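Next come two complexes built around chain A: one with chain B, the other with chain C.
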Partner chain A sequence: MAGPLGDCEARLARARALVEDRRLDTVRAWKAGHPGGLAIGHMPVYVPRPMLEAQGCLAVALFGGGDQVDIIRGDSYFQSYICHIPRSTIELALTGDLEPLDGVLFPSICDVIRNLGGMWKLLFPDRYSDYLDLPQDFDPEVGGAFYVRELGRIAGELERRGARPLEPGALREAIARENRRRAALEAMDALRAREPWRVRASEAYLIARAGAALPAQEHATLLEEFLAAAALREVRYRDNVRVVLVGAFCEQPPFELVLTLERAGCDIIHDDLQLGLRAIDGEIRVPEGADPLEALARAYLEQGTAMASRYIGEGEKGVALVRRVCDAAADGVVFAAASFCDPALLDQPMLERALEGAGIPFTSFKFAENTGQFQVIREQAGAFSDAVKLWGKES
Partner chain B sequence: MGADDAEARTHLTLGVDPGASAVKVVVARSRAGRQGEVLGRACQRIRRRPVATVVQACVEEARAQAGVPADGLDYMATTGDGDGLDFQTGHFYSMTTHARGALELAPEVRSALDMGALHGRALRFDERGRVLNHRMTSQCASGSGQFLENIARYLGVPLEDVGRLSLEATRPESVSSICAVLAETDVINMVSRGIGTADILRGIHRSIAGRLVRLLRAIGAEGEVLLTGGLAADAGLLAALNETLEEEAGQARTRALPSLHVRTHPEAHLAGALGAALLGAYRHEQLERSGRRADLASAP
Partner chain C sequence: MTTPLATAAVKDASQQRQKRMIAEHFERLAAARDEGRKVVYTFVPGNLTELLGALGLLPVLPEINALQSGMRNRSAAYIAEAERAGHSEDVCTYVKCDIGMLKSGNIGPTGTRLPDPDLLLLSYTGCFTFMKWFELLRQEYRCPVAMLHVPYQSDGVITESMRSYVVEQLRRRVVPALERLAGRPLDMDELAARLARSRRAEEDLVAVWESARHRPSPIDGYFGGVYYVGPIFSSFRGTGDAEAYYRELRSEVESRMARGEGPTTPDGPATGERYRLVVEGPPNWTSFNEFWRMFIREGATVVASTYTRVGGLYDTGFRHDPARPLESLADYCLGCYTNLGLPTRTDLIERYIRDYQADGFVINSVKSCNSFSAGQLLVLRELERRTGVPGAFIESDLVDPRYFGKANIENRLQSYFQMLEARRRGGPS
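== the complex of A and B ==
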């Protein structure tokens, strides 16, 4: 029988296989076991997955091709000053890797993803694709009403393509399953903040990202099993600096980059990788007798994290970041944005000002999902880690 | 680093510096990284062995010399390519450790040239060892120890004889300082033209020295500079560096630049490992003071 270490390794191996499942074999297997079920892909950052689950669909988060895809055709659809994820997503679609998907949702992140949604309609006119307009007015009477109508519209589109009608009971149950996943994620985040040497950021990243194409319940089970095993395994204390990683919420950095930061002496105790799973702070509350769709919409309005694709007041994101750093007892911040990522790079000066004001050290660099050379990042992160460790606020 | 020496207890720490061609290890006793004393040292070339095996052998050798048991170390610090070693308590970037090590070996210097197998790096630091500026040779191998090692192999000269032979040169030949491939072609031409080995080696040393002096100027180095890293013991390189600086001082264009003189130390090749060991002691003291857990298990 495997011990805790073996249990951890087994869960991590499964997570890694899921993360590397570029041809969506997991989705194919799910569809074989759920005849008539729709697999609906979605781009980062946030899509209300419980609604899709309530309609019997499998939500599949798409994160481009990473460093595993050679871009041949994708480059002809986007200018050179555009980030990498839309190119590799187009490449995956044109090479047939996304074939198992019955549709794709493009939530409002930035103009590039909106354009990608438009191209999708031109390239695949027979496939369902839709733009999910997330509200930027957070008044329940205005943005809330709009968002409920928008979700209802998409639910109707899915129903027309064979999904189950959106029933309040099913949605309530799906939200409960999502809450279980959230609780497990929060428990993992709490453990890595408390003992970062027990759950490395690279491990947490794999386990979180493994949920991209898993129903919430199955992902929650994976998280819980991993946590139980991690709590028991023998680990060694590492004298690293505690950092918050900011800016990698859409196009994901190569896995090697996360490892590089760790090796350079940084314990990433909080990050915005896989932000979609953490885009709502805490439990999605559905009061007895309330409409669960309205509750889902309200959670986005009222509990949404201060992320780049959310247009909130000047300074609010900086305040939120400083609070996050303080709450997590972090020593500093690493800004790692995808090259040409407008939302991240537009927010960054504002966030840097807030950190400077609070005397929190930071460093910044850019990446692309297919970055293959990490020496410069290793040196930069190593120098930052040493400076924070040895010179503290002087750094 | 402001730990009060009088209050700080004595720390026994390990510094491990795996490089591209050799592993260096130091066991040091210090008070929170100050008043350091090297109790044990080891340096072994990797020579196609797994790095972990060489590290293990070096750690055992240094510990045995120091008479420190496996569980007697307060902090095990790695630097260089040691970031992946599991037993480490903490890792420090090699620039930081070479600065600290150089300061320990020569307290009056404020600049160092870390010359390793893969690259050369110039560092300027303050009286605490905090790096203020640095520059590295670019990715081209012509500024590296590996380049020198390759040339020695082509010439059939044992690496340990390179420095001595270089000092015997009477008419050093000029070699490309831009590209290792061009420099190697230069060397092949020189051999076919019958140029002596000593003159070729001194030419190579001068080519490397030219690049390193440019790095020193770029960081604003002044006064004494300590040569550290694997090539610290190369007397030919040291002579070429000071020769280049003297020539610079004699030229109108560079005469006004601050005076520089490069020197070395018998343990300068251990500067990274020594710096790591001392910084480890400092961190251990910091962690104890702040109440953050320092759960040091047994040494490898």
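== the complex of A and C ==
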């Protein structure tokens, strides 16, 4: 019988298999078990997955090919100064790895992902793809009304392709399942921040990202089981520096990069790696008698976390990051932006200024999803970690 | 074979008029503080110039400042200044040029300091970077921002939902913010009068664009075109000056067409049109004339371009409408070229290639602008497949001279023109 350590390992092994499932075998299996069900892929960062689930669809978050795919055809579609995720996504599509998907949504996070949506229409005119215009006006009567109409439009498109009509009861239930997932994620984040040696950032990353192609309920179960096992396992205390990892992550860093930061003496107590899962802060509330679609939209408007692709109309840029660092009692911030990522790199000077104002040390580097050399990053992160330990905020 | 260039470059009356208009605008900006006039920074695509003008507000367009810095060889130093301040080498050089210019004293093209903004009017149309740009400027200037989120036409259709979203933002947020700044309510009659002038100018501009169907084309729709769009893209749309400019420009172009003359170039009238091209993508500004001459020397005239549609797409039928002021401002913003999905953009270029009987098309892919550039390699293939017309692909940048490789670009273009010549003679292509 497996003990807590074995339970953790088993959950992590499952998570890792899900994360590395670039041929979408899990999705194929789901479709076999749900005849007629649509699998709808979506690019980062945020898509309201409960709406898809309420229509009987499987939402599949796409994060490119990481460091597992040799890019051959994908590179021929993009200039050298475009980030990496669209290349590997095109590669996966052209090699047939995304075949199980019945459609793909492209949310409005940057010009590259937006134009990738247009490329999809040109390359795969017979497959469903759609652009999700997330509002940058956060007034429920203006941006909210537009967003509800936008969601309704997409729901209609899915219905035309065989999905169930969007019914309030089903949506309410899907939101409840999503809230369970969110609660489990928050519990994992809290445990990580409290005892980072008990749940390593690399483990939390795998467990969180494993939900990319899982229904919310199944992912919540995985999270809960992992947490229960992690709470019981024997662990070794580590005297590392506590850092927040910031990258406005659409393109994901190689897993080895997260491990490298840990090996360099950094406990990543908070990150925005799986930004979409944390794009709404807290529970999605659906008051009695309220329209759940409006509630889902309202949660995005009013509980949306500060992220690079979201306009900060009120307040100062970087305040949320400073608050995050302070609340989590972090020692510093590590910026890791994907090369040529406009949202992350244009945001960074503003965030750095806020950190400087608060006396919070930081370091920064860039990566690509298929970066294979980590020694320089390890040395930089190690030097940062040592400096923070030796001189604290003075560094 | 190269086309001999005429030596005398006499400026047309319309060019002189535009020069005077710009000088007067910068004089107004220089005097703005003394005269108590309010200044609004905003962007070219999705600009609301008639609205600003109706409230007596003065626009400043940071993109225009950046491109002018590029043309005056100042951008390299400004970009270096911004990169020293922590801005990544990977991001838009318009942004860095503007930040660097600000940190170097914000001296405008006429040598006087530009006034700080009283408000940033963030029209988020077709370019994600605009949003980050004004977040950065807000941190520098500590002034209010009015945001107008313009939805993206991913399917090339303006829906009623999109239009009403933009109109509601204008009505509830943008107009009240501008009225507060101006200290007076918006006069809808004044707005309508300005929109009517815009409409007339747009009619004349479209006539100018369509003159390029003639052989030889009396205009260059890219290098010359960026001058033609100056007034309507910047601070003058809706003014009597702009209306007069476009009337005069149209008359000059029609006269050249009647005389069978080619376009006006920096070296005088071009003669001997050999190749008719369509160009996609913005120009390089740091070596603008050098770049242009690579085409002139080969007798290549650009008969249509997409960059000249970023600040308004009029040749598919849109006109500002004084009877529907806010709705037509919304449609204008929604219709700017980079706010169109890639399939619609591709269709438009295909249409230009066919309608203007182009021998080829050139994509100038600029590092700075993902809004334009992401997907252009697919557009290239798609256009060649659909039209059978060969395309050329070159890479440069907007205002960072480090990315203008003259020899490389010139070699590519020369090879391309040789290939066009070979095709014309029925040889291998």
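The rule is simple: the second predicted complex is superposed on the first by the 390 of 395 C-alpha atoms of A that agree within 3 Å, B and C clash if a C-alpha of one lies under 4 Å from a C-alpha of the other, contacts with A are read in each partner's own complex, and residues count from 1 in each chain.
Just so it is clear, a residue touches a chain if its C-beta (ideal position, glycine included) is under 8 Å from a C-beta of that chain, and two chains touch if they have at least 3 such contacts.
Quick caveat, the model's predicted, so the values are computed rather than measured.
Engineer: Given the alignment on chain A, is it a clash or a fit between chain B and chain C?
Structural biologist: In the arrangement built by aligning on chain A, the partners chain C and chain B fit side by side.
Engineer: Would you check which partner chain A:G56 touches, where first means chain B only, second means chain C only, and both and neither mean what they say?
Structural biologist: neither
Engineer: Given the touch rule stated above, what does A:I82 touch, chain B (first), chain C (second), both, or neither?
Structural biologist: A:I82: touches chain C, not chain B.
Engineer: Is A:G382 touching anything from chain B or chain C once the two structures are fitted on A? First, second, both or neither.
Structural biologist: First partner only.
Engineer: Rounding in steps of 10 degrees, give the angle chain B-chain A-chain C taken between C-alpha centres.
Structural biologist: Rounded to the nearest ten degrees, it is 100.
Engineer: Could you say whether A:P168 touches chain B, chain C, both of them, or neither, answering first, second, both or neither?
Structural biologist: Neither partner.
Engineer: Tell me which touches more residues of chain A here: chain C or chain B.
Structural biologist: C
Engineer: Is A:P140 contacted by the first partner chain B, the second partner chain C, both or neither?
Structural biologist: neither
Engineer: With the two structures laid over each other on chain A, which partner does A:S108 touch: chain B (first), chain C (second), both, or neither?
Structural biologist: A:S108 sits against chain C, while chain B stays out of touch.
Engineer: To be precise, I mean the smallest distance between any C-alpha of chain B and any C-alpha of chain C in the superposed model; what is it in Å?
Structural biologist: 20
Engineer: So chain A touches chain B in one structure and chain C in the other; where do those two contact lists coincide?
Structural biologist: none
Engineer: Which positions of chain B touch chain A when the two form their complex?
Structural biologist: Residues 1, 75, 83-84, 86-93, 95-96, 130-131, 279, 282-283, 287, 293-297.
Engineer: What part of chain C is in contact with chain A in the complex they form?
Structural biologist: Result: residues 85-88, 90-92, 95, 122, 124, 127-129, 131-133, 135-136, 139, 145, 147, 149, 151-152, 154-155, 161-162, 164-165, 168-169, 172-173, 341-343, 345-346, 365, 367, 370-371, 373-378, 382, 395 of chain C touch chain A.
Engineer: How about chain A: which of its residues touch chain C in the complex?
Structural biologist: Residues 76-79, 81-82, 86, 106, 108-112, 114-119, 121-123, 130-131, 133, 135-137, 139, 141-143, 145-146, 149-150, 153, 308-309, 311-313, 316-317, 337, 339-343, 345-350, 352-353, 366.
Engineer: What residues of chain A sit close enough to touch chain B in their complex?
Structural biologist: Going through chain A, the ones touching chain B are 236-240, 263-265, 379, 382-383, 385-386, 389-391, 394.
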